[in-house]
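Two complexes are shown next, each including subunit A; its partner changes from subunit B in the first to subunit C in the second.
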Partner chain A sequence: MDIRILFLILVPLGTAFLIPFIDLINAKLRRFFVLLGILLESYLIISIIINNFQSLREGDFFLQYYLGGWHPPLGITLAMDGLSLLFAVITAVSLFLIVIYSIGYIGHHEGKYYVLYFLITAASMGVVLTADMFNIYVFIEMLTITSGALIGFKRSQEASAAAIKYLIYNVLAGLLFFLGVLLIYFNLGTLNMADISQNFASLESGIQLFISAIFLTAILIKMGIFPFLFWLPKSYDTAPSPVTAVLSGVLSKVYLYIFIRLFWTVIGFETLVALNLNVLLLDLALLSSFFGHVFALQSNNIKRLLGYSSIGHIGMITAVIMLNTDAGFYGGLLHIISHMFMKAGLFVACGYLLQYTRSHAYRDFKGVGLRNRSVFIAFIALLLSMIGMPPLLGFASKWYVLMAFLEARSYFGAFIVIFGSLTAVIYYLRYIAKGFEEVKLTEDDLREEIYSRPLLSVLYREKIVSFITYAYTAIIVGFGLGFRFFDLPLRMSIESIMNVERYIELVLGG
Partner chain B sequence: MFTNLVFIILFMIGFYALVMKTNLIKNVIGLNLMEAAVFFWVISFSDIGGEVAIHKMGEEMTKFNDPVPQALTLTGIVIGASTAALLLTLIIELNKFSGTIDREKIEGLND
Partner chain C sequence: MEIPTETQPEVESLNKLMKKTLISVVLAGVAFALYQNFSLMPGYEGLNVGLSNYIIESGLKDTGSLNLITAVLYDYRAFDSLGESTVIFGAVSGIVLILSRKMLPVSSKGLSFIVKRTLGIMTPFIALFGLYVITHGHLTPGGGFQGGVILAAISIIFSIVYGSAFDYRRYSPQTKTALETGGALTFLGLGLAGIFMEGAFLHNLGFLTAETGTLISAGSIPYINIGVGFKVGAGLAIIFYSMIQKTFEEDF
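Let's turn to the complex of A and B:
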């Protein structure tokens, strides 16, 4: 029983509901409260790590909290094992950096923005920490609603259209997830993940297949894997830059966490193998990765291009996880971490660089690099990391992914990793070259440009925004040199993915 | 059997309205119909013809309906209502810019 894991969800939730009241008193206090909320959240995570450092070392880290004192399988349990801790830490770090970026970036309707932002924080923490199937559904829907509202935040035609598209796809996915949860309840009479995991194998194989297929469809729509990827690039393009960073850096990783939890802990990988779904899913993910990179090649819009590249990377991570080997998990989890920082950093840098341009199109990218030289260099470093340049974090993770594919003799997968890097060289170099193109501006051009700026991209505090970009670059370079730092947390997470019996025993018995 | 049939028919009507109709409001209605179909199925499936699950003092309860699916459905209804409200708000917003709610005619939704 550790009440701090409950507070990890309650603190952002409380901050979100306090912000409108703070606005009524004094709008200037709001920024202080936002910082207070996110610092309290970070303090809770750090104190959990420090207090349990000994057990983390020994590999028997486990915390849980029974809501209302009801013991499982009756009540709702919050449980934190190695995998949850890893995801909680990286989501918290990402959300911390992006909220500071937002303080510099968002200049209008700040109150509404932070309410939605902290609801996203609470919901992603909730997904990561809960051990109850229905709770996961509720938190997923919370993520869908808040992120949908944030995608439509600019209130332009494109933003509203993208938000509608995003919501229709994701509500459908949520509905399927609800049906899956209820089917599990009707068949097993429980919603506790450990309890389901214990009894799932005793079901008939037809029902097993039906439930797995429903969950699979829901989670593939949410992650943007091949047949269902069409909502993704548009919403990445039109959302404000910090929101895109959250969508790509946090939400897609949270959905990957649900994917791992569902198909390793709850349903069990053996069931997938018995149902012959694993090979199908592996090929689907690799195909999705391939299509993501191919679509990125023909894209003429920098943010949409980054969205397609996200599809490519998420597909690659899903595929390497589906190998179900230690090396596969090591590469996949390392790439989750590195992709989280690289993509969020790229969108953050984009938000700064695109402030002077009329649109996100390729032709308007001309001369961007000459106006903000140092930020553009940081941007290039992040792009090189995406490609997989040796001293950076992207190289380390891609190397482990490639090695995992080769070890499992999945040569198509290895081909996709190389193919992704090679196409990435082409489509990123195009933009770097365009950014350094000399552009002569007349006074009329400048005036037209200033008036045509979209309202939200007028930067509020330029220093903060560029500082966060540098922070992301520093993370990429620093951890690229010292990626061994992730060795302990990754081993711990792999241990908690593979050792399902321990999870069941600890949740039900503790 | 009858409830399953109703569920499938309702779900299919909703899916038809979501996919085939170009009017965005009809799409949202379709989405809500699909949700309603699932909720209807859950409630009717959990109804085994017993009593309401409220324990009365001094009485022995022999057969009662499971209250958990009802509670879960209630949460689902709340979530469905809020997504529908958000979608309709966005459609109103879209109508201000483009003057139409036809999916085919709005740039950004027709591909």
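Let's turn to the complex of A and C:
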């Protein structure tokens, strides 16, 4: 019973509940309160790591908390093993950076924005920590509703349309997930993940297939894998930049965590192999990656392009995880970390660079690099990392992914990795070149500039915004040189993915 | 340029037809697959398997709540209920964020004198029923979510019968927000009280238990119900009042 893992969820939840009260008393206090909440969250994470460093080294790290004092099959349990810890740490780091960015970026309706932001924080921590199927559904629902509202934050027609599209797709996925949870309860009479995992093999194979297929559809919609990717680019495009950074940097990774947790711990990879779903899923993910990069080539809008490239990368990560080898997990998890920082950093930089442009379109990107030279250089560094240039973090993770594909003799996968990098060179270089193009203002341009409203008139606190961009670039460069730092957490997470019996024993035996 | 404008409607209608056919084919396929798989499900075996058996046998003894659904909602799986009420909280914040305008609600005079008088007589009874459903959640069917919706209905009926400014002037959005967050914080506070007094978050508070079947019994369950009731009621009323506000171009 470690109470700190409970407070990882309760601190952001309490902050979200208290912000409306603070608004009623004095709206100026809000910013300090937001900082206090996120600092307390970071303190909890750091203290968990420091106090358990010895057991992390030895590989027997495990914490859990029984809510309401009810022991596993009866009540809800929170459990934190190596995989949960890795995801909790990287999610918290990303959310910490983005909330500081938001303080500089968001200029109106701040109260509601931070309420929704902290609800996202609480829900993503909850998804990562819980060991109960219905509880995970509740937190998924929370993520969907809050992020859907934030996509419509600009309150324009396109933003509302994108938010509604996002909500339709994702609520549908949530309903499918709920149906799966109901079927599991109907057949097994329990909701605890370890308990389900113990008994799942005793079901008939037809029912196993049905439940796996329903969960798979739900998760594929949420992650944006090929047949269900159409909600993704639109919502990435219209949401404000910090929200897009959360969507691509945090939410897609949280859904990847659910995918791993569900199909390795709960349902079990052997079941997927027995049902012949693993080959199908591997090819589907690779196809999705291919289509993501092809769509990115024809896209004329920088944020949409980054969204399509996200589809490409998420597909690649899913595929390399589906290999079910140690090398595959090593590359996949490393790429999850690096993609999280690269994409969030790119969207954060976009928010700064696109502040004076009329739209996100390619032609309006002209001269952006000359106006904000140092931020644009950081932006280029992040783009090079996406492509996979050697000293940066993107290279290290892509290298391990490529090695994993080659080791498993999945040459189509290896081809997709190379293909993705090569197409990325084409579609990113176009934007870099456009950014350095000199702008020659004619009379008509000036008139249009005056009469058309810019997307965001002026940034609230410009220094913070550019500082966060540099911070992301520093992370990418620094960890690119020292990517060996991730060796211990990655080995620990792979151990906890592969060793399902230990998880069952620890959760049920406690 | 003239030719496309002539053929455009035809192409568009053809596209629409294609889209409709495609959607119906996909839906028929999904329906068939679901039917096939649901027919595989084993028959209903009664309540003797799994957790439900244990809860039916010892739910009353464990929690002191006669209504076993409430026992599951606010004791065994209280964390889920906290999550669900947070989903409502998030939805309210989102709707207020997207729909809220600076203008007061559309003003109208409401319905006729007869309707106004009749509702004036009925309102206390509706409120009483709402409070009854909330406070007796652990004894009879109902609870915080259901009673809160009844309380929100009063607010909505007011705006229809007496005109939209009537309720708005008496209970401002600030009051409703305070009520809503107050309810949420009550839930959270009772959970934290569980840590200090019983040693686990959302543990049922032992010192509040009394004889089973009385109004004040079942530990912290009635108080959680009251918190959730006010939260849901105020939240749904806020949603309603943000939806009826007038939209102006300059508010975007």
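The criterion applied here is as follows: the second predicted complex is superposed on the first by the 493 of 510 C-alpha atoms of A that agree within 3 Å, B and C clash if a C-alpha of one lies under 4 Å from a C-alpha of the other, contacts with A are read in each partner's own complex, and residues count from 1 in each chain.
The rule we apply is simple: a residue touches a chain if its C-beta (ideal position, glycine included) is under 8 Å from a C-beta of that chain, and two chains touch if they have at least 3 such contacts.
It should be emphasised that the depicted structure is a prediction, and the values quoted were computed from it without experimental measurement.
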Query raised in the report: Based on the superposition on subunit A, does the combination of subunit B and subunit C result in a clash or a fit?
Result: fit
Query raised in the report: Is A:Leu182 in contact with subunit B, with subunit C, with both, or with neither (first, second, both, neither)?
Result: first
Query raised in the report: Where does A:Glu141 make contact in the superposed view: on subunit B (first), on subunit C (second), on both, or on neither?
Result: both
Query raised in the report: Counting only touches as set out at the top, which of subunit B and subunit C does A:Leu35 meet: first, second, both, neither?
Result: neither
**Report entry** Which of subunit B and subunit C A:Lys165 touches, first, second, both or neither
**Finding:** first
Query raised in the report: Is A:Arg155 in contact with subunit B, with subunit C, with both, or with neither (first, second, both, neither)?
Result: both
Requested in this report: In the overlay, answer first, second, both or neither for which of subunit B and subunit C A:Leu24 touches.
Outcome: second
Query raised in the report: Counting only touches as set out at the top, which of subunit B and subunit C does A:Gly206 meet: first, second, both, neither?
Result: second
Query raised in the report: Where does A:Leu406 make contact in the superposed view: on subunit B (first), on subunit C (second), on both, or on neither?
Result: neither
Query raised in the report: In the combined three-chain arrangement, what's the angle at subunit A toward subunit B and subunit C (CA centres, steps of 10°)?
Result: 30
Query raised in the report: More residues of subunit A are touched by which partner: subunit B or subunit C?
Result: C
Query - Minimum C-alpha spacing, chains overlaid - subunit B and subunit C, in Å - result: 5
Report task. Touching subunit B in one complex and subunit C in the other: list those residues of subunit A. Result -> 134, 138, 141, 145, 148-149, 152, 155-156, 160, 163, 185-186, 191
Report task. Report the residues of subunit A in contact with subunit C in the complex, numbered from low to high. Result -> 1, 3, 6, 10, 13-14, 16-18, 20-21, 24, 65-70, 73-76, 109, 112-113, 115-116, 119, 122, 126, 134-135, 138-139, 141-142, 145-146, 148-150, 152-153, 155-156, 160, 163, 183, 185-191, 204, 206-207, 209-210
Query raised in the report: In their complex, what parts of subunit B are in touch with subunit A?
Result: 18, 24, 27, 31, 34-35, 38, 42, 45-46, 68-69, 72, 75-76, 79-80, 82-83, 86-87, 90-91, 93-94, 97-98, 106-109
Query raised in the report: Given the complex with subunit B, which residues does subunit A contribute to the contact?
Result: 134, 138, 141, 144-145, 148-149, 152, 155-158, 160-165, 167-168, 171-172, 174-175, 178-179, 181-182, 185-186, 191, 234, 238
Query raised in the report: Can you list the residues on subunit C that touch subunit A in the complex?
Result: 37, 40-42, 49-52, 54, 75-80, 82-84, 86-87, 89-91, 93-98, 174, 177-178, 180-181, 184-185, 188, 191-192, 194-195, 198-204, 251-252
